[in-house]
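Listed next: structures, encoded as structure tokens.
In what follows, subunit A forms one complex with subunit B and a second complex with subunit C.
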Partner chain A sequence: MGIYPYLVAAWLAGVGFYGVITSRNYVHLVVCLTVIQASTYVLLLSVGFVNGGQAPIFADVPSTSVVVDPVVQALSLTDVVVEATVMALLLALVVQAKKRFGNVDPDSVNRMRG
Partner chain B sequence: MSQLPPLAVGVPLLVAALLAVVHPLLTRTVSDLVATVTALATAVMCLLMLVHVGSGLEIYWFGGWHPRGNLAIGIDFAVDPLGAGLASLVSVLMVLALVFSTRHLEVEQPYYHVLMLIFMAGMVGFSLSGDLFNMFVMFEVLSVAAVALVAYKIHERAALEGGLNFAVINTIGAFLFLLGIALIYSRTGALNLAQIGHFLHHSGNDRVVVIAFTLIVAAVLIKAAAVPFHFWLADAYAVALTPVCLLLAGAMSEIGIFGLARVYFAAFQPALGGSAPVLRAIFVGVGLLTALWGAVMAYVQDHLKRLLAFVTISFVGIFLCGVGLLSADGVSGTAVDVLADGFNKALLFACAGIIQHRLARLSQERLHGCGRHLRLTGPLFLAGGLLISSLPPFGPFLGKSMIEDAAIKAGYGFVPALIMLASGICGAAVIRAWARIFRGWGRAHEHAEDTSDEETEAEANEAQDRTPAVMLAPAVLLLIGTVAVGVWFGFADLAAKGGQRFVDFAQYHAGVYGAHVPQAGGSSDAPKFYDYLYCGGATLIALGLAALSLWGARLSRRWNDLTESASALLLPVRRLHSGRIGDYTAAVALGTGVLAALMILTLN
Partner chain C sequence: MRPRYIIGLVGIGLLVAALAWAATGLPAFGHYNQAYGRVAARDAVPTRNGTNSVVITSFDYRGFDTLGEEFILFVSVTGVVVLLRRMRSAGREEDSAASSGEIEEEDMRASTGERWLGAAAVGPVAVLAAYVIIHGQLTPGGGFQGGTVLMGAAAFLALGGESALMLRIRGSSSPIEIAESIGAGGFAAIAFGGLIAGGVFFFNFLPYGKAGLLTAGVVPLDNIAVGLEVAGALLMVTSELFEQRLRGGAT
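Showing the complex of A and B:
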């Protein structure tokens, strides 16, 4: 696969950062965060990819066969679970912002400055 | 093998889960009691670990999966004196915070207690972890709990925004951490810190290793809040519940610094140790910038908790200087300073909490002279301010003198002067706040009209008539702790041994792979005369600056022009703290980019 998955990961991270920086809507902002997060999945999975490798389940393939790295898959899975919690929490806060203050624009606020 | 390390994390998590399930059966008092006792049990376990490990190293492999050959197939907790010490600091502060919060009216059981216990478990787990991915998971556990705690006063706009800023920036930090982990795994095939280090020892470094290190450093610096990754901190700490602030300022920022030190010394040192002078320059540079930036921003704040938040940032910079010297002395000095200033900052936040409880305000201008009748809180606050300016010979003085000695030894002779300046300005900000609030000195209501939108709501609905003993007692204990760190020189020796053990990669690696690690030797030097000069100088700067700022206008008519031009000069810096997530994220991206460019160009 060569360099391509790394380029995809970099692109996703870059686009996600651009989205978070320019966002005018908290929901949009949280979705942009998940785009950055997607780059971590792509990077992790491409790190463990082996050309011609099989799924690392040794129940039905011989233990000498070439498989992809199961560790990064476990990491991705853990990452999915952990970040699902974070996103749920963030969206819950956004819902509260909408409910109590009537808008979801990060810029229209009455905040502490300086 | 001792079973304490997993229990110190598992017990609070388990109790938190149980509390969440059975809370309908419990009254508030019972929840308070259960949470406090659990925190106390964790503190005892951490202190037992600290005593047991001495200055050695103990490894716990989960499920008994010991390494096979050179392969760490399991996940380990590596208990060393500094890690166990930080875990002890976290859990002791948690006990005090939970005691402090028993009279808090806004606290609703059971969620508050559940979150506090998870927060503590995450921090303890991070301090003990010997595995990079496990560090990431603990990083997230403690972040999620901390975000929920910061945004706890959900009906308050500032709290909600502070929570959101905190959550978004720290989540970005977590992604950077994970990207770094993926890259270093791709190079070394390992997640265990010692195994990564072992691999890098033989392979040396290359660009991927450097980028991975940069990403992880950026992540932990976001947590620690070093400039330019620090913007979220002031928004979050200023609005959190006071007992939560005790933990945030006293321990969570330090967790980031600890993460940096752990990752460097246990994993990346073999590859990057050859370029230590370059790294040292980068870390000390960022540290000094953070120290001064935080100090100046603290000096211009009106909101008391926001002022203390910037003091926290300033001190993170000093810790970063200490750790960034990449020497055993620097690490030991930082350990002492983290302990002393952790207590001290928690003391000041506790005083702020008492002020908020009694007077229902936090704006210095509005509180002008209102605190005259708080006969116990005033002296505590003043003591905190003097200690912030590293008044000899107490705890913060000892910590800073050790960092300064280490800096001079490493050839950074100008560091002590800048640390003196930073802690002097921080001290001035706190002492001036004391003079205004508790004595009513200086002019009243200078800018009262533009502080209206900076006021957070009181934590009790209205001002209370009495300060509860459960609020005063933790503050007094914190003051005793801060003072004791400096008075009993045993701490310095313990930290010196701990620092030796912490930076020794060969012994760390051997210990993880099953060898017995001997107790470290070494002892600390007594503070030298110039340490007294530097730290006494900081106290004098603090007192002088506070006095000038209160009465400078009486001395000379030029003073007002001077302050006005100074604040005009400072305005662009203040404007950077815009409260916008987009701006903060841009700063993080820029900081990471600059850090990456610096490291790629200079490390080879």
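Showing the complex of A and C:
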């Protein structure tokens, strides 16, 4: 497998940034941000993976067995929660923008301000 | 194609190339070999008597990170609620005569099937949420996951036609807001308890127990606090959005 999982993470980040830059709709833009964030999950979880490792929960596996890193899993949990709440905040801002400017196109909103 | 896009694409190309280059310096996939992760995984069982290393790591070893995460959650939800409520009051001034009236109960009545299904699902889902929260230190689950499930129980309540209830729990100093604040404050208070009892922020000051539910010291309390906060936060956002939808505020 080598470095392929890391390349998937890099590719996801690139695709997400492309979507953010070319986006013509704020809702689409927020979804693209979540794609960028998905790359961090892939990176974190693949960094902590051990060949043949089991989940680091010893309720039903012996405490001597090989397990994957629980620290990156805890970090991914943090990541997911932050993403969900920041997405809610951003979408509330989109609703606000729609009310104020009448549309959700980033370009035309900028023009109105200028 | 506008110059802005071209500059952006060049930047993305450079970024992805740099990330790929950096990846070549990482240990090969599946060959993770870091002491910290190994210790965090192994240590949870003998020293904390909990079996879920991920939760023990989140709430005990790395409790400070989780506190920061929890406050991001709290601040974001406050932001959402402030934005949506302000917008509503602004809208009301503009067309005060038109649509600011109370919502007709008739509009929100669900079909009999929906009501039965919703009512039947609320109890089991709430019990599942409680199970996931209080078994956090033993099996997969914990405060964040259980809180989300608990919010699902409330969603079934709304699906069952009790939409008016979703609106009644909304608003400032509603039970939901109080539950969310108690959860957020309680988690911080547990951290300060460690400071008082052991001189270290997030010191795990309760007995670690032998086996079963009352293990891992303060971790079960942390899970309950976080579960309350997450369920409250999600419910607040949902009920605010729900209200927008019902009043036709933001179509």
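In this section, the second predicted complex is superposed on the first by the 108 of 114 C-alpha atoms of A that agree within 3 Å, B and C clash if a C-alpha of one lies under 4 Å from a C-alpha of the other, contacts with A are read in each partner's own complex, and residues count from 1 in each chain.
We take it that a contact is a pair of C-beta atoms (placed from the backbone, for glycine too) under 8 Å apart; a residue touches a chain by one contact, two chains touch by 3 or more.
Remember, predicted model here, so these are calculated numbers, not experimental data.
In the superposition on chain A, contact is made by A:Lys98 with subunit C only, not with subunit B. After overlaying the two complexes on the shared chain, residue contacts for A:Pro106 are found with subunit B alone; subunit C is out of touch. Contacts of A:Asn51 after superposition: subunit C is touched, whereas subunit B is not reached. Within the superposed three-chain model, A:Leu29 lies in touch with subunit B and out of touch with subunit C [touch as defined at top].
Of the two partner chains placed around the shared chain by superposition, subunit C is the only one that A:Leu7 touches, whereas subunit B remains out of contact.
Touch criterion met: A:Ser63 reaches subunit C, while subunit B stays clear of it. Look at A:Leu89: by the touch rule set out above, it reaches both subunit B and subunit C. In the superposition on chain A, A:Gln73 makes contact with subunit C only, not with subunit B.
Once the two complexes are laid over each other on the shared chain, residue contacts for A:Thr40 go to subunit B alone; subunit C is not touched. Overlap of the subunit B and subunit C interfaces on subunit A: residues 9, 13, 17, 21-22, 47, 71-72, 75, 78, 82, 85-86, 89, 93, 96. Subunit B meets subunit A in the complex at residues 133, 137, 140, 143-144, 147-148, 151, 154-155, 157-158, 160-161, 163-164, 167-168, 171-172, 174-175, 178-179, 181-183, 185-186, 191, 234-235, 238-239, 300, 303, 306, 453-454, 574-575, 577-583, 585-586, 589.
Put simply, subunit A touches subunit B in their complex at residues 9, 13, 17, 20-23, 26, 29, 33, 36-37, 39-40, 43-44, 47, 71-72, 75, 78-79, 82-83, 85-86, 89-90, 93-94, 96-97, 100-101, 106-107, 109-114. By the touch rule above, subunit A contacts subunit C in their complex via residues 1-7, 9-11, 13-14, 17-18, 21-22, 46-51, 55-59, 63, 67-75, 77-78, 81-82, 85-86, 88-89, 92-93, 95-96, 98-99.
Chain contact summary for the complex, subunit C toward subunit A: residues 4-5, 8-9, 11-13, 15-16, 19-20, 23-24, 26-32, 34, 36-38, 40-42, 44-46, 51-58, 62, 65-66, 69, 72-73, 76-77, 79-80, 83-84, 87, 91, 138-140, 144, 230, 233, 237, 244, 250.
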